[in-house]
Amino acid sequence: MLKKNIETFLGCDREYDEAKIVLFGAPFDSTTSYRPGTRFASRTMRAESYGLETFSPYLDLDLEDAYVFDGGDLELPFGSVENALKDIEDFTRQIVNDGKIPLMIGGEHLVTLGSVRAVAEKYDDLHVIHFDAHADLRDDYLGAKLSHATVLHRVWDIVGDNKIYQFGIRSGERAEFAWGKEHVQTRRFDFVGLEDVVEKLKGKSVYFTVDLDVLDAAVFPGTGTPEAGGVSFDELRRAMNLVANKCNVVGCDMVELSPPYDQSGISTATALKLLREYLLALDYNINNK
Amino acid sequence: MLKKNIETFLGCDREYDEAKIVLFGAPFDSTTSYRPGTRFASRTMRAESYGLETFSPYLDLDLEDAYVFDGGDLELPFGSVENALKDIEDFTRQIVNDGKIPLMIGGEHLVTLGSVRAVAEKYDDLHVIHFDAHADLRDDYLGAKLSHATVLHRVWDIVGDNKIYQFGIRSGERAEFAWGKEHVQTRRFDFVGLEDVVEKLKGKSVYFTVDLDVLDAAVFPGTGTPEAGGVSFDELRRAMNLVANKCNVVGCDMVELSPPYDQSGISTATALKLLREYLLALDYNINNK
Amino acid sequence: MLKKNIETFLGCDREYDEAKIVLFGAPFDSTTSYRPGTRFASRTMRAESYGLETFSPYLDLDLEDAYVFDGGDLELPFGSVENALKDIEDFTRQIVNDGKIPLMIGGEHLVTLGSVRAVAEKYDDLHVIHFDAHADLRDDYLGAKLSHATVLHRVWDIVGDNKIYQFGIRSGERAEFAWGKEHVQTRRFDFVGLEDVVEKLKGKSVYFTVDLDVLDAAVFPGTGTPEAGGVSFDELRRAMNLVANKCNVVGCDMVELSPPYDQSGISTATALKLLREYLLALDYNINNK
Amino acid sequence: MLKKNIETFLGCDREYDEAKIVLFGAPFDSTTSYRPGTRFASRTMRAESYGLETFSPYLDLDLEDAYVFDGGDLELPFGSVENALKDIEDFTRQIVNDGKIPLMIGGEHLVTLGSVRAVAEKYDDLHVIHFDAHADLRDDYLGAKLSHATVLHRVWDIVGDNKIYQFGIRSGERAEFAWGKEHVQTRRFDFVGLEDVVEKLKGKSVYFTVDLDVLDAAVFPGTGTPEAGGVSFDELRRAMNLVANKCNVVGCDMVELSPPYDQSGISTATALKLLREYLLALDYNINNK
Amino acid sequence: MLKKNIETFLGCDREYDEAKIVLFGAPFDSTTSYRPGTRFASRTMRAESYGLETFSPYLDLDLEDAYVFDGGDLELPFGSVENALKDIEDFTRQIVNDGKIPLMIGGEHLVTLGSVRAVAEKYDDLHVIHFDAHADLRDDYLGAKLSHATVLHRVWDIVGDNKIYQFGIRSGERAEFAWGKEHVQTRRFDFVGLEDVVEKLKGKSVYFTVDLDVLDAAVFPGTGTPEAGGVSFDELRRAMNLVANKCNVVGCDMVELSPPYDQSGISTATALKLLREYLLALDYNINNK
Amino acid sequence: MLKKNIETFLGCDREYDEAKIVLFGAPFDSTTSYRPGTRFASRTMRAESYGLETFSPYLDLDLEDAYVFDGGDLELPFGSVENALKDIEDFTRQIVNDGKIPLMIGGEHLVTLGSVRAVAEKYDDLHVIHFDAHADLRDDYLGAKLSHATVLHRVWDIVGDNKIYQFGIRSGERAEFAWGKEHVQTRRFDFVGLEDVVEKLKGKSVYFTVDLDVLDAAVFPGTGTPEAGGVSFDELRRAMNLVANKCNVVGCDMVELSPPYDQSGISTATALKLLREYLLALDYNINNK
């Protein structure tokens, strides 16, 4: 008798019970103000993942040995921001309550808020490491409090002063940078200082959010607001590896891939390779600490 | 001394005071569930309009003689549906209160609700003619009451039973069609019966909403949910001309062009030609009745 | 506990046991001589099917009531034509031996040969109805006996003279048409005569193969060799409905959608709607005869 | 010893001496005011022609039997309009002086002027049949006398009143149509009346110019200014066949394919099929009159 | 009463009177020999500029404080090169005569000639800094004296020997490089030596022309002739900043963005960010010297 | 009398007799498992080569002085892998037997096998230098022995242990890397060590195969399986130059450009520039040793 068609990210085919890391997609981009399309990221990544190898020549590790479960994509209501965040929060809560690490694939950056709400509920004194081209620190955007452009401000509402560490930031309005100086630590353009931060956060619970537009526009054209002057694939790969190896990551996400603007497919392929490398490092770190 | 750069739809350069018809864009697609992008329609149409002639060989009329003002695009908040509708309603109210006919360019179909709210406030016993591939009659969509998929149900909330006349409908869920049978008049696939409806509505105030996906997918690929089996350009041109000529149109819109899915540009060019023909017919009818 | 991600064509979520029709994908295009890409058809159709409704306003039937199982995609070896055909044949054999109707989504047209081999093994006196822009009757193509351009000749090797009925043919070399005159019945350009054929085949077992390039190039750009002068969506929908209603279809397929050449997505959307209409008609016919 | 790589349009591989028809490309689009790209038409058509068959199922004729020579593409100076026209004129003159029929592939429509200059020099009382969406009758365009938008006015300067027959016209400025009424015969939208014209021109020398944008925008998106409401492939195929069969064509061209706007390739494929059918009809007519 | 729709580059909304810098577009590409499309650059940049921030995290300056006027786009005749240059010259003359700095957005590189003509008329001993992948030093191109490939030779006709400083050059014919050795200073591949040049030109009037294809093809695909091996965004940003800060720029331009080849939009976004950074530096320098 | 249209790579127009290097295309991609399209590489490169200069500002050499013949493209049977390899082998044999160096343009990487078979037949003790992102060392791929993913294993079958030197490798399955350690020399990610290898191979016959996906995905998106983290254009240019200058290259190829995934054209332009630089270096080396 034939079985139903199961689709997972390449090599992420563990059962939920045995998994340490739980991947899922949050296909939502209702507040995207410029070029929409991140809603298609998780399913495109899943479909394209079969063009990737499970083995990493960087780490000499293989996804076939890792403990990752793919929970598929949430079905989120467009045009109903608070409900969508609620669904993400509930799904994330189940994962963290089962003692697993959620790894959410966006969607626009606002989805991070749903996940952080659930993670912060479980883990006290939560710190946040944030890679992005954009500060995302506005208090409101055209009157809306919930927006991809305000998401780190909303996260700050939860975690408070001096808990958020931003890297790679190269875009924002004057007021954001001014506000940021008082409340978060922002490193512009690159990852200088990350080693110190990682050292400093030893023992703390860390939420790690990666907005892929931190990459240079040439490396990652497939995003809503591509920004020139960004980091290279190898810089991001190493920085993510550092966080996975040295921090106590209790929740994480990777957001802002927008397949409609990735005609050649290199952005999806790059996101997938970063995901593989990060999953392998995180899984290795969990099993060997 | 040099003057600032003014951009209008081709030939729509009358002053507000003298205009009979007021064009404006409502760039909003937050509730689009499938393929977003209609937010780019009005500015793409404005930019591409210079590839069109102002003269119509169908009507032997010229836009240079028409009384149309282009008010530009509203700046609408993404992710905040009710606020966006409010802004549309306020803008439309000003136009109808000044005794002019609003012609809104969407955006997704939900923007119609903002415009109808203002128009229905001014005109009693409002009737609605609706061209679309989709019934848009759901009561809610994944829990959301305000959605492109519910917009005609929301319009029905305002105008009531037997006031809405749908044509060209070829997609919807079973429940929508069932509900529709009780509350609206639906013609599937084509415009058969439009002449009778137009005759019947003589003397009534009519809101006319054209979802461009009523066109066949081959003719109009650049839309969120293209549907095969639709009407031709000429069928739609004639049907729109009939409404412009025979009805007392007090408000209208043209929605669902999505430039990101219009790689060849034929959908934008087609929408522009329909807009020109409709504007000319409506303007002629206003000035000659 | 979370469950694994199951992906099926929209509404085709019956269990294998209860299903009457079994859908599956054959992602293979190794012999395509011109523009490759049909290998992506089945997974693109599955992903895009959520933009479709399950309800048909043509038939007033709903896929939620139909008995269709989606078996996913075969993993076929590229560059090894005979092995790929063998895998298709084996998979199809299992389905027909379980008393169900296989509905294969190509892939290039050669995949039909694998399916026909299994179906012809089970059903004697098999007749074939073939919709296509191309005759596909070459005996070899650049020396290769197994090719999308020879597939109906290979099917003729199995079923013999006067068993194959072609419709819509508008391309081929002179020799193919000459050979065809002796061995198959070919209707050029359209479906004239299909009603007679369907009448004549009453009681016979029929394999039904639809090469979607029978559609006009404007309606269906997303295929390897688009041909102007083809049939419309509605003509094909009605013709497929006729076969589903009147014939004893024991196996069928739909081939040659090539997503890389379908930038706007209208070809995929059109293929999906044809699939829905055909599935509904076939399912209805099975359950009501 | 290996030979150099020769590239011709499919099946057009006769030697110059024996040929009756001489094909060549005029890759020029310097005066295109809207979307450029027709400069790529001839080489794209040549490259894509191997996706076509040499046999016509419409005519039961084969290009392998026809007498057509492909002279390649002219190398024309961009930004130097008069020089480019001179080069075209000289090349065409050689062909007509050798007693052959030139068939030029544009490029923008202005290239027709170069060809007509040479043809009119040789053939007295030249008449012109013109298929187009656009009247192309302006006297100047933004001050320029030589433009794709003025080309038929320039041709009129040569051939004079009542020698130009236009069909399919559906775009132009008011003044053009007014001027045209006095000097040329214009049929709007379709080919009605072509049979009478063809009858009337019996015995006359005819230059036949086909601007492919006469086709509907859905059928032929790949052109600079696509216009909805045009003719179908079959209508154009039949109209071109009529001219080839009944007129004494002494020169001809096919212009305005713009490959950069033909992402799916259907416009190129359609142009090629029209070229094949027209070549076969013309060749047949030459050899059988 | 509603006002007409004004469109400017983001943040460039000063009145003409108060502005120090005057931006305008020169949409012209008639002599482009390879891939046309730069005619769309200025309007695409204007439309896309709303995806950018007005604030620069590099300079801690904001366009809201700068004195820049946007004069819109010139309407230039295609196919009439000398007339187009005349229109550019006249427009530029007005700006320089009003004591302001023209910043022209191309168009192809030939537009620089029109601007230089006006600027050189006003400023004696004009020097030119030229960033480009191409030498643009031919004396003629396929017989034409006025071409994007000859523009710097034409500029040399005006300014004379040893006044032109080229950087980043990595393409040209042998003869161009040979001629250049005698008449201009050419730095191949990068910006080495720019600091010395800038020092040397202290006190001189400088025209600064930036052909954006000096950027690496990966960083800037959206141009007519992309060349691998170019400079990075950051290298160009710094080099432009150096010129803006240290030179007495009396006229400038930015040319060769070609939106039709910028499917992902990264080239437009990159051009806009370079424009913002350059405007801020130039404005700051003007107001603080 | 007019001559037939000859098309060659830019500047490669020597007669066969006088040529030292023979270029030809092998348009074949039947075993490509992920994204097909390399079949279009050679003809796209030939067509686009006219956007390139013949002169190299890196080497101060000009293709007009080089001795290169372009033999056009082979016509290879799709779906018949062994026959295609046979055709390549036969064509290559003729070239090497005439004492010339074959330079094949793929196609997928498997075409290398055909060429190596002929070259190894003529030259004893053949060594292979292999640039690639992928190890290509599988013994079989989904059961197939002949595949782009096994090609270097098949080459090893011919040349034996320690004859293959791989550089730039950053993708493969665990088993490939393990097998490779015993039989070939693999340098991951970059060209470190190439100088030593080149020194060591002095006097040996070398086959040089360049899979262009060794380039970073941002630099070279137009390939079947783009891989982030690759080398830059300049690194590859220098490495290819080193091999051309220091090795006794007796056969070579450049494979895996896939034009359908190169929307902006930068991959084709980059491949062409690498080809020019490599041809000039190889030609110079042949004539000066």
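Just so it is clear, A, B, C, D, E and F label the chains in written order, and each chain counts residues from 1 on its own.
Keep this in mind: a residue touches a chain if its C-beta (ideal position, glycine included) is under 8 Å from a C-beta of that chain, and two chains touch if they have at least 3 such contacts.
The UniProt protein names, listed by chain, are A, B, C, D, E, F = Agmatinase.
A quick note: this is a predicted structure, and the numbers were derived from the prediction, not measured.
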Where the contacts of chain A and chain F overlap, which chains show up?
-> C, E
Could you work out the angle of the rotation that brings the CA atoms of chain D onto the matching CA atoms of chain E, rounded to the nearest 5 degrees?
-> 180
Which chain has its C-alpha centroid at the greatest distance from the C-alpha centroid of chain D?
-> A
Report, in whole Å, the distance between the mean C-alpha point of chain A and the mean C-alpha point of chain B.
-> 39
Where chain B touches two or more other chains, by residue | 35, 216, 218, 263-264
If each chain is a dot and touching chains are joined, what shape do you get: line, ring, star, complete or other?
-> other
Which pairs of chains touch each other?
-> A-B, A-C, A-E, A-F, B-C, B-D, B-E, C-D, C-F, D-E, D-F, E-F
Contacts from chain E onto chain F in the complex sit at residues 34-35, 169-174, 177, 188-189, 216-218, 221-222, 225-229, 261-264
Chain B contact footprint on chain E (complex, rising order) | 1-8, 13, 16-17, 22, 43, 46-47, 69-73, 94-95
Partner chain A, residues of chain B touching it in the complex = 29-33, 35-37, 39, 75-81, 83, 110, 141-144, 146-147, 260
Contact set on chain F toward chain E in their complex | 50-51, 53-55, 57-58, 62, 216, 218-219, 233-234, 237, 263-266, 269-270, 273-274
